[in-house]
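Each of the next two complexes has subunit A plus one other chain: subunit B in the first, subunit C in the second.
And now, the complex of A and B:
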């Protein structure tokens, strides 16, 4: 008997793991066609708001593109321009440098926080963990605005320093110190998030390992270096990938704290792409940059995820 | 140096370090929320103690010539709509990916989830702006709400639905349930905690979103809180005029406090959500 969805109950009853081969494609489709309706809304939105724009950006990157009017085809000109754009190259190097420094510092502190919090018990563990996690869920713009008010000339930091008799100049106004402000703010924002992953990793280590080590007379340091750190390798690699990528795409902190300045000292790729596209309306070059940037970001993400899987699938 | 676990030295070091962590983490938020309740004498010259308390900033920020109430309204409308839609669409797609063996399943999963999770916003913003401008949707709610499907949400729903035993689907199917019945009456009731987790994760992401609302709006009355807040801050755009500190401090507080409340209420779900991303 046909149901309202057009599928017979007998077909429903087939085990889903039944072998399928090309000759049975029609039969599979008869059984599974409604799945397309389930993915349709998400797929439609993804096509319109992710896949189409991504393809379109790559397309635009081959044109001297304008929002209105004629956009002449320009071949690889936008890409050639990147090769001679020293600011782009400096920005690329600076972005990687910032990403590495922030990631290493945030992971070190996140690991330390996890070790410390893991030693607490009950409600104190819950409270401290929540407190340290809060910057990770707060809006980056709000956090940056608060830090900006601290860092400004005559801001909280300068006044506090003056109280203790220390000379303090505004970090945000100096090309040497502005990157440091971005680094400190980003590390502060990411430590809690990283800590949570390490905490989960720590809880997955069987307590018996430590008990056995204790019986054998291993010191806490031995336990840290020979049990905890080796067994957290997988967590560490995962966190490394995620954090590096996040920091490669760093934007809001730079946008709201320094706008890329002073003297481009905090300009990151994402910020440069935004400026080129939205401030100067150079859509072609901005799209070429976005394409290069995305190839690197997606490439690293896929490579490292594959590496992670290859290494740990046992 | 050898510090024994549970020795007094270790406990002192641990507690001091944790105190530093917690103070550094929480102080900026404490200070920001406190400032919204203080007389503004130029933000910088304030101590960290609660002095000069007043409600004037809040009265002013919710007064008739302030843009803050409109931004708050926009943020609430946009965040709730987009999050609700996204949870619906993501769970529908998650059901198909977790349970159905339709031709092209891996292709679509790659398109929605893997590509969506890895593609940087940089690759999307220029054409999205162009599309919205062509469709005359700049400064409208549809522009802010339409991109309501999330790779992360779909991935989490797929994970959550994979975890429930398939026997239940099979049993319902033998009883003559349609595919939608199975989704609605069997699967959804079993993944309520995951739905809450996805809702909370996406709610926070959309409430905090900045770049997208920035590019699809350019009128003051269509800004969301994060964007409006950013635009009020002292910068080269404000031409040296004194920034409206009363509105800024209150905006920071009303942007942050809901985040804090949602997180504290839903913390267990949030942690569950992180676990669902398979990243533990």
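And now, the complex of A and C:
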């Protein structure tokens, strides 16, 4: 008789009425010790560098945390403060806006790049693929500094435009255009990474589908919308979730390119959390912001997974 | 036989892991703020083992302080320094060598990038993994001594030793009657101008380097320089310091708060005039100024900007890199007051530092007159000690010597003023003043609105932080 775990009682030699926790756990551990042994180092690192800091952050968010000395318990005061912190609210909305725009643009361009690269042959395929992918493996800070030299007043773009008699407004000097600089830089940096995932997905689609569609008289656009895109839904879902989370956490580009300015026009939530904690020494409110941000990000990811689950299998 | 561990067991295991880390995180030991000793700093001089502040460096290093008693193990001290100079690591290592040799103490110099300084200090203090002492700049220092992270030093320096220091740098490091850091670097600025640009703009500059133009005169020059096709003044919009609040506004008699920092006083005629002055100056500045912090200087060096403020280090760069360009010097402009920017660098001892006696010994060594002179000579600033002008830049000629004279006159004469950062000041400057000031300068905010925002939100910041003093 098969148990809920898929293992029959006869297979593990235990009676059907084997004791549950903690006895059951002991049996599992004894049987599966090798599996836990192999994942233990990774779990330890994950616990120390991810779980523990996260839990500690949540803990700190309930205190009026001092750099040194006694930190009195403050309950929900740090969270209540967020309700009246207009800069936090503006930054939150701005972060969501940037995340949505960058995600949509990067995925669209990454998909387009994958389609184009997939159709290439020979050396051109490798050359173009490498050229698009290189920004993804470059140091983000280094890339940002290079872009800064292009975008700043009297930078490469402005001087080149002036050479041709074109007036060029430096993006990083304008509150309206500075967010655009962040978007362009982020999309440029992410397209290659997304392209690789879509390329792998494209190459996994059986050619027979396209051949059959061609026989049936489907145009290339029909094939794209009725074969390619539906069969890439799993890949798209993965890329969407990962890219959204990445773009919620935008920090390096803002830190190195604009510092959050001009006039806070590019201040993102991560940058604001960093400033609140390390420049103003308000670790309690910074932890509260980080907790709220994490809950929202996880919620968005779960919603994406729930509503965009793949419907097509092959 | 296929084996699978149960899903429920796995979930329980993870839950147990998370719960245990929560308990671990909750079990942070409570810490107590170290209470300074009760003796006031102006009481009878404490006995010191390295009191020869004017003795040659090698003799001052060879003092009688013991190494680790009886252990035979060499003590290691760690000093955090910032890159005041590209060769700061080498400068500091050369400076501490005699000390190391005389005392059998290993001194490790760690140069911390400016952008990482606050993060490193905060992290070190939180984790109690601090170096022996470190460099901290003026307006950030109060944050640390208010938090109890620094060791009081008044018992380690005699009244006689402290009397040799310039008053303002020393008083800025005082908190609740105790001294929390030793100044060893002061800087201020002269007004430098490109003579060729002045000539093209039809401006006849004053011949006296101690001349200080009025604001109206300065603005007139700025507008003429702009009309001649150049940018007037090398000053960035995106200021990450308190610079626009301190330096510029104070010259107009605009004081953001009252003397005890309990009331915002930005809605005064003097402040309105200062705001108007910035608005008038904005169109004459360069495009690059709109996205840079403080004084980028590269445009001034390249001969694209007519005026800039800079100290001896800037003058030295000018002479070395642009020997064919003729620069003039004068005092910065004034209006109601003659107050200029004062920058101060400090060494502060961490409360959690180990081997305190040796740390104090090294601190005294590094801040003795010889080392202050050699350090500041290397980076183009001045010691925080009185009457050291004769030892600084003795071989300087031309514009470098003139700048040194002008700057020293400001420092010794008390013309340079440091704006003491009230609790919450940094946050208010970053979150409110600078962004709104940028909007004002970009023409996206009116002056009355700007003044109103600064006044009301500044008062709110003062009220929110009044118990932090």
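One rule holds in what follows: the second predicted complex is superposed on the first by the 249 of 314 C-alpha atoms of A that agree within 3 Å, B and C clash if a C-alpha of one lies under 4 Å from a C-alpha of the other, contacts with A are read in each partner's own complex, and residues count from 1 in each chain.
In this section, contacts are C-beta pairs under 8 Å (C-beta built on N, C-alpha and C of every residue); 3 or more make two chains touch, one makes a residue touch a chain.
Worth saying up front: this structure is predicted, and the values here are computed from it rather than measured.
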Which of subunit B and subunit C A:181 touches, first, second, both or neither: neither
Which superposed partner A:170 touches (first subunit B, second subunit C, both, neither): second
Comparing the two partners subunit B and subunit C, which touches a greater set of residues in subunit A: B
First, second, both or neither for A:106, with subunit B first and subunit C second: neither
First, second, both or neither for A:288, with subunit B first and subunit C second: neither
Which superposed partner A:25 touches (first subunit B, second subunit C, both, neither): both
Which of subunit B and subunit C A:41 touches, first, second, both or neither: first
Touching partner for A:117 - first (subunit B), second (subunit C), both, neither: first
Partner chain in contact with A:56 - subunit B first, subunit C second, else both or neither: both
Partner chain in contact with A:66 - subunit B first, subunit C second, else both or neither: second
Overlap of the subunit B and subunit C footprints on subunit A, listed as residue numbers: 5, 7, 25, 28, 32, 35, 43, 51-52, 56, 67, 152, 154, 158, 259, 277-278, 283
Sites on subunit A touched by subunit C in the complex: 5-7, 11, 21, 24-25, 28, 31-32, 35, 43, 47, 51-52, 55-56, 59, 66-70, 87, 152-154, 158, 170, 172-175, 258-259, 261-264, 275, 277-283
Subunit A partner contacts - residues on subunit C that touch it in the complex: 1-7, 9, 12-13, 17-18, 21-22, 24-26, 30-33, 118-119, 122, 125-126, 143-144, 147-149, 237-238, 240, 286-293, 299, 351, 426-427, 430-431, 434-436, 438-439, 442, 444
Touch list for subunit A against partner subunit B, complex: 3-5, 7, 9, 12-13, 15-16, 20, 25, 28-29, 32-36, 38-39, 41-43, 45-46, 48-54, 56-58, 60, 67, 112-113, 116-117, 119-120, 128, 130-135, 137-143, 145-150, 152, 154-156, 158-159, 188, 191-192, 196-197, 200-201, 204, 219-221, 238, 242, 249, 251-252, 255-256, 259, 269-270, 273-274, 277-278, 283, 286-287, 289-291, 293-294, 297-298, 301-302
Subunit B to subunit A touching residues, read off their complex: 2-5, 10, 14, 17-18, 21-22, 24-26, 28-29, 31-32, 43-46, 48, 88-90, 92-93, 95-97, 99-103, 105, 108, 111-112, 114-131, 133, 146-149, 151, 154, 166, 170, 173-174, 176, 178-180, 183, 204, 207-208, 210-211, 215, 226-227, 229-230, 233-236, 248, 252, 255-256, 259-260, 263-264, 267, 270-271, 274-275, 279-280
